[in-house]
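Report on one structure; see the data block that follows.
Chains here go by letter, A, B, C, D and E, matching the order in which they are written, and residues are numbered from 1 within each.
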Amino acid sequence: KDNFKICWSIYVGWMPWEYGDTSGIVDKWADKYGIEIDVVQINDYIESINQYTAGSFDACTMTNMDALTIPAAGGVDSTALIVGDFSNGNDAVILKDKKSLKEIKGQQVNLVELSVSHYLLARGLESVGLAEKDVKVVNTSDADMVAAYTTKDVTSVVTWNPLVSEILTTPGANKVYDSSNIPGEIIDTLVVNTETLKANPKLGKALVGAWYEIMAKMEADKAVREHMGKASGTDLAGYEMQLASTKMFYSAADAVAFVKSEQLVKTMQYVAEFSFDHGLLGEGAPDAGFIGIETPAGVFGDKANIKLRFDETYMLMAAEGKL
Amino acid sequence: MSESTAKNSTERAPLIQAKRLGKSYGDHIVLEGISKDVYEGEFITLVGASGCGKSTFLNMLLGTEVVTAGKLLLDGKPIVSEPDPARGIVFQKYSVFPHLTVRQNVALGLEFDQSPLIGRLFGAKRKAALAQADEWLAAVGLAQAVNKYPHELSGGMQQRLAIAQALIKRPRVLLLDEPFGALDPGIRKDMHKLLLDLWREYKLTVFMVTHDIQEGFYLGTRLWVFDKDRHDEHAPERYGATVTFDLPVGDMDEESLNKIEKSLTAA
Amino acid sequence: MKRLINKRPSKPLAVFLGIFPFLILLFLYQVGSDARKAENERDKLLPSFSEIHHAIDRLAFTPSKRTGEYVFWQDTKSSLKRMLMGLAIAALIGLTIGLLTGAIPMLGANLTPLVTAISLIPPMAILPILFIVFGLGELSKVVLIVIGIAPFMTRDIYQRTKELPREQLVKAQTLGAHSGQIIVRVLLPQILPRLIDAVRLSLGSAWLFLIAAEAIASTDGLGYRIFLVRRYMSMDVILPYVIWITFLAFLLDWMLVRTSKTFFPWYHVQK
Amino acid sequence: MKRLINKRPSKPLAVFLGIFPFLILLFLYQVGSDARKAENERDKLLPSFSEIHHAIDRLAFTPSKRTGEYVFWQDTKSSLKRMLMGLAIAALIGLTIGLLTGAIPMLGANLTPLVTAISLIPPMAILPILFIVFGLGELSKVVLIVIGIAPFMTRDIYQRTKELPREQLVKAQTLGAHSGQIIVRVLLPQILPRLIDAVRLSLGSAWLFLIAAEAIASTDGLGYRIFLVRRYMSMDVILPYVIWITFLAFLLDWMLVRTSKTFFPWYHVQK
Amino acid sequence: MSESTAKNSTERAPLIQAKRLGKSYGDHIVLEGISKDVYEGEFITLVGASGCGKSTFLNMLLGTEVVTAGKLLLDGKPIVSEPDPARGIVFQKYSVFPHLTVRQNVALGLEFDQSPLIGRLFGAKRKAALAQADEWLAAVGLAQAVNKYPHELSGGMQQRLAIAQALIKRPRVLLLDEPFGALDPGIRKDMHKLLLDLWREYKLTVFMVTHDIQEGFYLGTRLWVFDKDRHDEHAPERYGATVTFDLPVGDMDEESLNKIEKSLTAA
């Protein structure tokens, strides 16, 4: 097999794929390894993951949590091939006319239920000694979040960028907690089907090679960032504002170091426990460790049922210039 | 054109007067120069080729079409330019209300009168209205069907109902536009009898349009034939129709009859 | 040998023919599910019948651990409530505006162009404005249904009112009725069964808007559940929910037909 | 004084009455916009007319720096293409299945229950399955429109076919026609104008499905643009797009009416 | 019940034979015990009260209703249980195709024949068919209207068209179910003349249902009256109607006529 399809959705950390596609960088690397890679934009994030899980795509952009709860929980052995960034303020809890997270108690909170926003909220509540039962969660679609915030009914939201910066422009909106309080826990990755990757290392090499070429351009060239901003519906300023709260791993070495760290196992444990508590690991899951998560620093959960892997080998090749 | 030949023109003032009455739609002149007096109790049948303006004439009497030339008077006053209870109407179709039972259809005229706000009576008043409706229904031979819906009636029975419905308001004139046009010949005969009976008993003044000249002769006291008496081959819309014959029924020579027959099939 | 267009199936054959495609579909599903399960035993796209059965059991017959409610029935109740309220309000609006504009030419000239324009606007595209005006609470879901279907219903009722024979209006006037009486006693009762028809025609869209509304902001409802579990691709929940929605849609339609036939017998013979 | 139901506005009065509500709406918008701007000058919900004008200018008359295209026209082209393809395919399916099941009782008994069931399923609820089966390419947007409206059209055409007078079928047979000839020469030509009616009735839903499909998977189109800027709540872009969509919907409907009147004059007198 | 009184029964075999023919829907017996012979060239008019089974009888001849008792033979063979070109039909309404012009309506019968696949001719064949259609249209007096659509024709012209359309297939029998029921009396007369002319010229065998007994007498060579000759007050569905009178036209006593009139208005 030498024809591959990857999908991505519009988000600050994944816009490089758009640039890679239109600028021909992805094609260039695919040619280098004698394969073809089709890059497809899907607007509905969940739909893109579902498509990947159902087998329509070989790789897809998603967060660490969704990688665990959708493809891995659905029995699709997946590998986080590229760890592109982690959210460092991109996800935030915003209160209307209230200044501290504690005041969220008893409020109705609008967020995309079971998403990283939900996770962030749980972590935030934990940090101020509250629990989820102290608030009322209202599932709200991300596309409508900004408009929803402008209504009287909505007093607190948890969401991500660019919605966060959009909401913060309205008077009285206060960011009381964000992902920079839990650095490195909300990770944006490119996930590849493990079987496909094993059978086709060329795919991994081409994707990683392309990614870091884009990264270099992106870090250096303002025009590239402007391009990405426009494609995501904003401008250079708007996009750079989002980048400011995103910890991009422009260099492969940084990403490798992040993946190799002990911290990642811890993070994934938190995520797995949260997911288990909310029934996201499936009805058959007896405990949070039901699905094994493998990282270079060790395995969390059932070693016999590893479905999500963090693999640094390809990024390491890039770091060492072996691609 | 014969002058009015009505029998009872001697004493009373005419009920309806048309004075050089005309009707046109824009440049299209449909009717023109109709001057007639009609007295209470007359039964006028209107015949004429299709499209010559019989319905238009009736509609002017009814008030749904405005007079565009001359005058049309009822009791000496210009006729009201909207339908009102002074003029009852029976159409060929759609005269009755499908959502009301036979009895309700007839009582409706009373309800409109006695309940000005919503046109619906309750309690004793309603009972009285229904009882009055039943009398009229008996008069048209529908006593057996008072609780049925119109769709459960035959075509003839529906027209009986339409007549009862119109008569309960005791209109000054009763207008009928081809009322039996859709009925079978057998049933038609019964309807003729009914209509003549009612006309005699209640001293109605009737205008009835028909396509069937025999029906016209049989029913009317006066037969009006509508036709154009001037023609312009190149602009047929230049001239309108008028009443070319006004015949007291029973008094008819062979030649006139032939002429009439010819004018009827011209269209 | 009879011509094809003259051949009519006997009653039992018709029933069999009607059921047959469903059996085939079920069979195809079973095959597809088995095939996917053979590849990945935890595949979620085409769950096995026993998985679906489990999901139904869990949602409909086991109280939720978190709230103690029977999720399925709670969802059904909430959605039906929104649906019925939306339909009722839309019908009322459609009836009032449609009937009045249809009956009174002046009003018709005034409002018809506006209603036509509004009926062409896709409601999904102007959601933010709707939120501002109607908030985001329980009301907003009902409002989305109303905004979605009321313009269509208004136009339909306007049309139907205009179609009533002019002869009836004339007749009523010769019976002494003024405009108000004609509207109340002649037009309104004849429009009611047609309103039921309009509601039936709108049912499909109404379900769409309900599901969309519940996907936007909600804490329960059939549409909410579907979009929520879509997050982890629980087709074992989605499929029975879809079938249930389809059944409810059918039931609602059937009840409307029954109502119409019971209360307006004259309307159904007329045709 | 005439009764209200008899009063008809003169032509110029009717035009004025028709335009009036739109003027009021514009005025209300202006007031609302000013009020919100006074509170927060960066308010995006009700942009001023000059902001809207700017947005139109930028999208429709300035080539995009990124791709060199005129975004607005590109979006329109893509959406219209999908729309027309969707309508055409749905009409073809509706015509074929509806006509055949309506004409051939055996086939009708076989497929009608299935079509009824399918038409009751809200397509939004089974999106994941649809995308799996039809992929996410250009095809998928067209398919969503087709799945959304074809079942309704099929049922409608089935109904219309059944409604054609039985006398015509008998007459055709006495003229020696077999089933195929009857379908081609008697039923088909009479169903075509009714198919146009069915398409017109489906237009509203078709737009909904197009916008929904473009919001999920697309890189251009009117629905995509609205979806894209919605997260920034750029109402200055959304509003003109909505008005444009409304206008296109109107135009499409108008063209269908014209087509029908031109090609099937006998159909429009009949009624 | 009189035995067949047809004039030409002496030499030829009957074209149509009914032998104790009956028809019932479940328990409801509509027709029973009809035994008749009909010879080529006869013009049978069928009268009877509404709902007595005239159309049902015609439909059995046509092949749209199955015979449930006895036999119905055409040329000595059981009649085909589907409509075919051997039997032409004209209904009161919907006989013509609204989407085809007058000429196309008539040519259609030829196209079905000569283009077995799609029933549409092209080029020279089509021209020939249209020319043939024009001949028939001239015969029924529609030469001026060949390019019009049916909706542009009056009711009478539409029925002329329906007749031309049926005759172009030269059917063995022509069936007419109240063909002029919806027409005005004046136009009706023209249609009677046309039908008699065609019948004489083409030696047609005609069955025509009518509600108008005068029409029945005027047109037919034989008049059949359908009525029940046995009644069961408690179960009116027990017994069906049959042909109670079979009258050679022109030969009619006063008493029979009264009886017939009575049976017609019974329903």
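In the analysis below, contacts are C-beta pairs under 8 Å (C-beta built on N, C-alpha and C of every residue); 3 or more make two chains touch, one makes a residue touch a chain.
In UniProt terms the chains read B, E = ABC transporter related; C, D = Binding-protein-dependent transport systems inner membrane component.
Quick caveat, the model's predicted, so the values are computed rather than measured.
Under the contact definition, subunit C and subunit E (ABC transporter related) share the contacting chains B, D. When C-beta pairs in contact are tallied for every pair of chains, the largest tally goes to C-D. Distance between subunit A and subunit B (ABC transporter related), defined via averaged C-alpha coordinates, is recorded as 83 Å. Taking each chain's centre as the average of its CA atoms, subunit A and subunit D sit 37 Å apart. The centroid of the Cα atoms in subunit C and the matching centroid in subunit D are 18 Å apart. Rounded to whole angstrom, the centroid-to-centroid distance between subunit A and subunit E (ABC transporter related), based on C-alpha atoms, equals 80 Å. With touch defined as above, residues shared between interfaces to two or more other chains in subunit A number as follows: 50, 54, 144, 146-147, 150.
Shared interface positions of subunit C, i.e. residues touching 2 or more other chains, are given as 3, 6, 45, 127-128, 132, 173, 178, 215, 230, 233.
Each of the following residues of subunit E (ABC transporter related) touches two or more other chains: 82. According to the touch criterion at the top of this document, the contacting chain pairs are A-C, A-D, B-C, B-D, B-E, C-D, C-E, D-E. Contact residues on subunit C toward subunit D in their complex (touch as defined above): 3-9, 13-14, 17-22, 25, 45, 103-106, 109-114, 116-117, 119-122, 124-129, 132, 152, 169, 173, 178-179, 182-183, 204-205, 207-208, 211-212, 215, 223, 226, 230, 233, 235, 238, 241-242, 245-246, 249-250, 253.
Those residues of subunit A lying in contact with subunit D across their complex are 7, 10, 40-44, 47, 50-51, 54, 56, 142-147, 150, 162-163, 166, 169-171, 227, 230-234, 238. For subunit D in complex with subunit B (ABC transporter related), the residues that touch the partner chain are 2-3, 6.
By the touch rule above, subunit D contacts subunit E (ABC transporter related) in their complex via residues 165, 167-168, 170-178, 180-181, 184-186, 189-190, 264-267, 269-270. Within the complex formed with subunit E (ABC transporter related), the subunit B (ABC transporter related) residues making contact are 50, 181-182, 184-186, 211-215, 264-265.
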